[in-house]
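Please find the structures below.
In what comes next, chain A is part of two complexes: it sits with chain B in the first one and with chain C in the second one.
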Partner chain A sequence: MSKKEKSIMKLATAFAMAFGIIPSAYAMHIMEGYLPSGYCIAWGAICVPFLAAGFFSIKKSLRENRKSITILAMSGAFIFVISSLKIPSVTGSCSHMTGTGLGAILFGPSAVSILGIIVLIFQAILLAHGGLTTLGANTFSMAIAGPFVSFGIYKLCRSLKVNKLVSVFLAAMLGDLFTYCVTSIQLAFAYPSEVGGVGASAIKFLSVFAPTQLPLAIIEGILTAVIIMALETYALPELKSMGFSKEVG
Partner chain B sequence: MTKKNKKIMAVLLLLVCLIAVIPLFAIKGAEFGGSDDAGSQMISEIRGAEYEPWFTPVFETMIGGELPGEVESLLFCLQTGIGVGVLAFFMGRFVERKKWQDK
Partner chain C sequence: METIDSYAYESCMRGISPGFKAAVAAGALLFCIGANHLWISITVLLTMSAVTVWFGGLPLIKYLKLLKIPLGFLILGTVAIVIEFSARPFGYVLFHWLGYYVCVSKIGGVIALKLVLKAIAALSAMYMLVLSTPASEVIGVLKHLRVPKLFIELMHMIYRFIFVMTGTQRLMKQAAVSRLGYNDFRTSCRSFGSSAGNLFVVSLKKASTYYDAMVARCYDGELLFLTEEKKVARWQIIAALCYFTVLLLIFLLVP
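Let's look at the complex of A and B:
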């Protein structure tokens, strides 16, 4: 990060802590108008430093390695595809996946926040899915919290010498599930239950989202692993130059 | 791609299809609405009253009503289409490149 970028980062962080403006908070699955405005603003503000970091991280990886732009585009496209497919689940309702695991594993979690917010804005404006007021909360759950967990799990698995594809699977799956956990907690903060408060409320929301999401998280894990397999076969030079694949495939 | 990898991939993709399709047959007569809607029902349940969203989506305000289902599926398809297009384009390039390099 250059000096200028660093100061911008500091500014963004200070901005987030001091004001928490940017009312366009959008959470992945919290619908338009369903979060009180205070929460919208707060979640939006929390996202700002992550987005700034993501912007610089993307800039840096592109500067160091121009070729990786194709992989970046593919990671973004993967989120587009995956998050547009509503899949029926065992509970009798439909949900969709996040697709953020792939980008998080390849480019690091902060870069994905930028990719994620693009998808979220698209869905909020055109599809009335999620919303502009809940953009911050949705960005936090889908484009920040989920990817960070994916990235952490992937690193952990790799350092424990778990097979690469298994690590990818676990990372993407748990990242997806965690996204929904965060959404539940966000809703719980806004709507604490009368008996039991935030905790009881979080469990209630989780009981709605978690069983629906579990099979989908497994699908997401599998698909991410398949994409990685394909990339390792055909785009090995790019992955190597990004430092992702060291061994010759 | 080695033969073994191809096999793994085929099995995995088949598994994905099965997980996605089985609920449709297993739970007959279910609505398969969005889990977002289930979420808003839960909000009403916790609050004990119907919740009135304080902001309607910009697009719905502009067209003065709810987005028609057909148009919504069009836009969802558009999103999928953009994504698949980009993925397929680059993947195709990579596959061709490998073919030439291997020669």
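Let's look at the complex of A and C:
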């Protein structure tokens, strides 16, 4: 083998290893210790206003109805359990939903920011997905950016009179894709490329995670639509009492 | 579902004050990330793992399995950092494709090694805490740090409900599998969706039952838990101070 062929072989082996040993494709939690300290603090600070808004909105709804505390807690646990379940996947590797798109459609994005950060803390300390120092960055991508986009797309589609299940599918899928883009950009800011800067680095992160994240986003969309379908069949009164789907029924 | 804190209940370090363990773990974590220093990462990784395995009594095999959890992210992320695309060659060129050179820069390998060790060391510091402290005690530490009451209350309840729901979910999955659900991709999607929907309905019903049960026990907006008093011994403080002095010395003296 020539020197060039050797290096191609090396790279191919590295790629095969990288894609072969991935034990499970979780949504993109940045792992503990992966971000430099400055970025940990900065992303945490960016989350603060959203979390404060979520906190006050939850407080307000609790003042009106004290009973919703257990419903909120159940919803948080629901997001956690949904995201910890293995989902059907085409490739055979086991993957997981984020569940935050579903949460945003059901409970609104501001409540999901608080539930999301609690779910992320538990994912870090119970399942070792994500971490305590990267909590700020993960909260921004998964509990704030994704849910807000999901919610916005859902509202937009509904006002454009798009079929309900299609809107749910689009909202969950695009929310998931947006989470993946935000995480890639967060990583790119922390580790800019030597030649192309932040932009080139973002493209590298996007392409490396694409094989696991793109199918995941589509499956997340399908499953969220199926869940909403099931909920409308079994739980219309409960959904209505939570303010979801006024136009149905 | 096997959660990490199920090991915490068996840990030999459960008797140590959770606040103290959290402070040591946080200190080591901050040292790792703040210093970004190869030898500090190695020291923290070795010491924290040793503490968890020796003092905590966790079998080494299990510990290594736990360290492997974020491996996928670690490999993919580091590949993305190390490999560069450029129009002109630099560093070590791996190959040339469509007018672009795929290269690894000369310092790329060193940066990657430092980053991987730092991340694993930070993980081992976090594990020292969560493999010896059940989640309810970690929440207790947050309470002492004056995190808002509502937040703490939600955390306590969510933690409990996670296990309630996992149990329900397991039964539902068993029922679905025994009726030919989860058979191929299509039925898997259907079974998953309808059992998730059903899980949500069941959990809403349970939520209202739990609320009634709480009100029946005089719940008026504050959950009170009986927590064990665990005192910090003097030798523990001295050991922790020595540990951080050593880390500081490594940071200052080793280049």
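Criterion: the second predicted complex is superposed on the first by the 183 of 249 C-alpha atoms of A that agree within 3 Å, B and C clash if a C-alpha of one lies under 4 Å from a C-alpha of the other, contacts with A are read in each partner's own complex, and residues count from 1 in each chain.
Heads up, the rule we're going with is that contacts are C-beta pairs under 8 Å (C-beta built on N, C-alpha and C of every residue); 3 or more make two chains touch, one makes a residue touch a chain.
Source: prediction; values computed, not measured.
Residue contacts after overlaying the shared chain place A:Ile114 against chain C, while chain B stays out of touching range. When the shared chain is aligned, chain B and chain C each come close enough to touch A:Gly33. By the touch criterion defined above, A:Phe189 lies against neither chain B nor chain C after alignment on the C-alpha atoms of chain A. Judged by the touch definition given at the top, the superposed model places A:Ile218 against chain B, while chain C stays out of reach. After overlaying the two complexes on the shared chain, residue contacts for A:Met74 are found with chain B and with chain C alike. In the superposed model, A:Leu62 makes contact with chain C only, not with chain B. In the superposition on chain A, A:Gln123 contacts chain B only, with no contact to chain C. Put simply, more of the residues of chain A are touched by C, taking chain B and chain C as the two choices. Residues 29-34, 36-37, 70, 73-74, 76-78, 80-82, 84-85, 87-88, 90, 119, 122, 124-129, 131-133, 187, 191, 193-194, 201, 204-205, 208-209, 212, 219, 222-223, 225-226, 229-231, 233-235 of chain A contact both chain B in one complex and chain C in the other.
On the chain A side of its complex with chain B, the touching residues are 29-34, 36-37, 70, 73-74, 76-95, 119, 122-129, 131-133, 183, 187, 191, 193-194, 201, 204-205, 208-209, 212-213, 215, 218-219, 222-223, 225-226, 229-231, 233-235.
Here chain B touches chain A in the complex through residues 1, 5, 8-9, 12-13, 15-16, 19-21, 23-24, 26-27, 30-40, 42-43, 45-48, 51, 53-60, 66-67, 72, 75-77, 79-80, 82-87, 90-91, 93-95, 97-98, going by the rule given at the top.
Taken together, the chain A residues at the contact with chain C in this complex read 4, 7-8, 10-11, 14-15, 17-18, 21-26, 28-37, 40, 55, 58-59, 62, 66-67, 69-74, 76-78, 80-82, 84-85, 87-88, 90, 114-115, 118-119, 121-122, 124-129, 131-133, 187, 191, 193-196, 200-201, 204-205, 207-209, 212, 219, 222-223, 225-231, 233-235, 238. On chain C, the positions that touch chain A within their shared complex are 1, 3-5, 29-30, 32-34, 36, 66, 68-77, 79-81, 83-86, 90, 93-95, 102, 105, 108, 115, 118-123, 126-127, 129-130, 135, 138, 148, 150-151, 153-155, 157-159, 161-162, 164-166, 169, 182, 185, 188-190, 192-194, 196-201, 203-204, 206-208, 210-211, 214, 221.
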